[in-house]
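Should a chain be cited, it is by its letter among A, B and C, assigned in written order, with residues numbered from 1 in that chain.
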Amino acid sequence: MILQFLANGLIAGAIFSLMGLGIGLVYNTTKVLHIAYASIFVSGAYALYFFLKVLHFSLFFSIVLAILIAMILNILIEVFVYKPCYLRKTSSAIPLISSIGTYVVLTNLIALIFGNETKIVTSGIEKSFQFGSVILTRIQIIQFAAFLLLFTLYLILLKRTKFGKLIRAFANNPELLSMCGVEVLNLRILIFGLSGIFAGVASCLVALDIGIDPYAGMSILLVALVSLIVGGVGIFESAVFGGFLIGIIQNLVVWKISARWQDCITFLILILFLLLRPQGILGIKKRMEEL
Amino acid sequence: MNYILHIIVMIFIYGILALSLNLLIGYGGLISVCHAAFYGIGAYTTTLLMMNFNMNFFLALIVGVLLTSAMSLFIAYPSLRLKGDYFFLASLGFQIIIFAILYNWVNLTKGPYGIPGIPRPHVFGLALESEFFFFLFCGVIFFLIFLISKVLYNSPFGRVLKAIREDEIAAEALGKDVPAIKIWAFAISAGIAAIAGAMYAVYVSYIDPTSFTLDESIFILSIVLIGGSGNLKGPLIGVVFMIVLPEILRFLRIPDTVAPNVRQIIYGLALIILMKYRVQGILGDYSFE
Amino acid sequence: MEITVLNKMKTDTLILSGISRSFGGLKAVDDVSVEFPPGRITGLIGPNGAGKTTLFNIISGFIRPDKGEIWWQGEKLSKYPPWTIAMKGIGRLFQDVRVFKKITAIENVLLGKSNPGECPVNLLFNSKNVIARYREDIERAREWLAFVGLKEKENVLAENLSYGQQKLLAIARLLMADSKVLLLDEPTAGINPSLIKDLILMIKKIAESGRTVIFIEHNMNIVLEIAHWVYFLNEGRIVAFGRPEDVLGNHEVRLTYLGL
């Protein structure tokens, strides 16, 4: 019994981790709390729905296009909403508020176009496989496999490529990089593009599993944020640690207490971490800034 | 006629909410998305006391205000320790937790089923069943809250809040107990929001948790950011903008199914545009630079 | 320097005893023991980064010392938060002035003193007292504005005052606070020479009224003119102390600081 819940937790954790990596990538580098990421998630899922169910493209093409759309939309938000704030050197409140506004606009646009109800993307019963006492559907296995693939590629990117070096440098010392002027703006675009891919993949995986509604993005984003804080801000991979931890804890709560209290427990954990260990599990404690 | 009274009552209720959130944003500079939580705690406390214990509205209201103010400590304390984005996340967490409690503690709050049949208050023996008298009642309460806000704004307390929002360190060096003052700001802000909650509950006579969600917090936040904060006219113009707008949409024959989404798109755009070109909002004093 | 028990009794002499503070590996303040008696104007001089502002931050309570103690009126100060220390009579003028720009000059000065109306409970239950105190405070605030020569600027927003006027405003605010000890961080920096004369007179008057003045200064002429006593800090340590002429004539001081 517990193994089934653990397995479910790992699957859920895979999705949380993908979104956590995406939002963490943006926050660690640009320091923007990209609330609008929730609508990127939803856009990817609805793009999949549109291409697959309305235009009847092949599954492969629909997924690719959906990921592309998420990527492009994320980049557009950076160019039109966050870049001006960066250039004006505003306080962090302004991009945050603009992000909230963007989320509201995009989510409601999607609700206008597609309606408020849940849209199912796949039809028929999912094939399921049995591993000992654990039952997993085909899509769940694909979710986990996709996460592993993407995370491995991401790690290689971070540690072995020039792009990865630039990302890490940006996170640690943005002023040094900004002395090269234009390069930073392009780097930001690449960062948002990559982050968009994470959301696109996650949204397709979830849409193919349980369908999509316009408000699902915020639910997932919230857990992604908790994963980021619990894992540790500042370290790019830590959101994975947080994501799986939260995924497992949520499913343990479902098992031992009740599914109703998942959210409450998740966010109690968030507040505890913010107060007691804001650097997360894997983060390093920052020294207090002196006067 | 009843329709116009309804609009004005909503303006009163949201006006009270906006004035109370203004205390945190316009003075503390804090972006908080948990105001619907205070709104909800006030509504539920007043309702439950009236329905389960037959308590008089005004007594229930006072208890509701005190309870909500006390609960605000759970987010006021983090505000002392957490900066900017991290406080925002804490307020997010507080909002979700309170909503989860309202939604899932069915034994206490009846959860998603809601609480119907909330009676109107009795004032001087009159039950305020008529829309017109209730409208007057709301007007009086709103006016009182407006006066209280004005007094606070111009008082030494208001002055210290303005100082703190600009330069905490300098305020501390002048002998101001900054943490205590911030906690007071939260307590007062939450307490006033609770009054709005109580008014809402007896007005629509039915409450359920879906009126007190994160989206509602974002809506209240938008009122104060669009109208402007740091003074008294900003929040009020924000309320007029946000409440009257959807009604104008109705005149433009935009269908009812679509209107809520269109309205939200408009205020989302307003937020983005204002942050780009007029950070202090329409009539605000305080900007975030 | 051994501080005798007598000194720790209720006295208006501010005593620092063995104060040390490091940041990372860097010793910003290294075993500093000094005394500031009432009525004396003490100058703190030394090269940039010598630890002077850090010392001020420690006295004001923004930074805790790693070692050592601060004695004031028979109490150890280091355990208190900055606002309590300020209320005990230690006032601070910051190097970057730090007036509240979005409120008027008189509101700035009013903030110097604590008012019962700052606690909401008093607004509700004690309003007569609040209003009475407010009326008194407005009068006092006007007096201090006049004292620093800003009487006509009473209702001007602080951001619309010149830098020098903002400094005077900050001083008026400190005077309103009725501080017994004034920590002035570079009080004359950025002020035009004609105003400096008035400022110097003001500082002398403040000290003559029995208050303690400690100031950080880079302008040696000012130091020579008003300081009764000088401490020279270098790399966190007190290297020399005494009357201004003596310290400034000191060979090591001239070498490290004045470059002579």
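FYI, a residue touches a chain if its C-beta (ideal position, glycine included) is under 8 Å from a C-beta of that chain, and two chains touch if they have at least 3 such contacts.
Treat the numbers as computed from the prediction; the structure is a model and nothing was measured.
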Central chain (distance from its CA mean to the mean of all protein CA atoms):
B
With chain centres set to the mean of the C-alpha atoms, which chain is at the far end from chain C?
A
Interface ranked first by C-beta contact pairs:
A-B
How big is the gap, in whole Å, between where the Cα atoms of chain A centre and where those of chain B centre?
31
Measuring centre to centre with CA averages, how many angstrom lie between chain A and chain C?
51
Round to the nearest whole Å and give the separation of the Cα centres of chain B and chain C.
42
Residues of chain C that touch at least two other chains are 62
Among the residues of chain A, which are close enough to touch at least two other chains?
291
Residue numbers in chain B touching two or more further chains are 169
Chain C residues touching chain B - in the complex, by the definition given at the top:
60, 62, 81-84, 86-87, 91-92, 94, 98-103, 107, 110-112, 114-120, 123, 130, 134, 173, 177
Interface residues, chain B side, partner chain C - complex:
151-152, 155-157, 159-160, 162-163, 166-167, 169-178, 181, 184, 188, 285-286
Which residues of chain B touch chain A in the complex?
29, 31, 77-78, 81-82, 84-86, 88-90, 92-94, 96-97, 99-101, 103-104, 169, 214, 218, 221-222, 225, 258, 261-262, 264-265, 267-272, 275-276, 279, 288-289
Inside the complex, what are the residues of chain A that reach chain B?
31, 33, 81, 84-85, 90-94, 96-98, 100-105, 107-109, 111-112, 218, 222, 225, 229, 258, 260-261, 263-264, 266-268, 270-271, 274-275, 278, 291
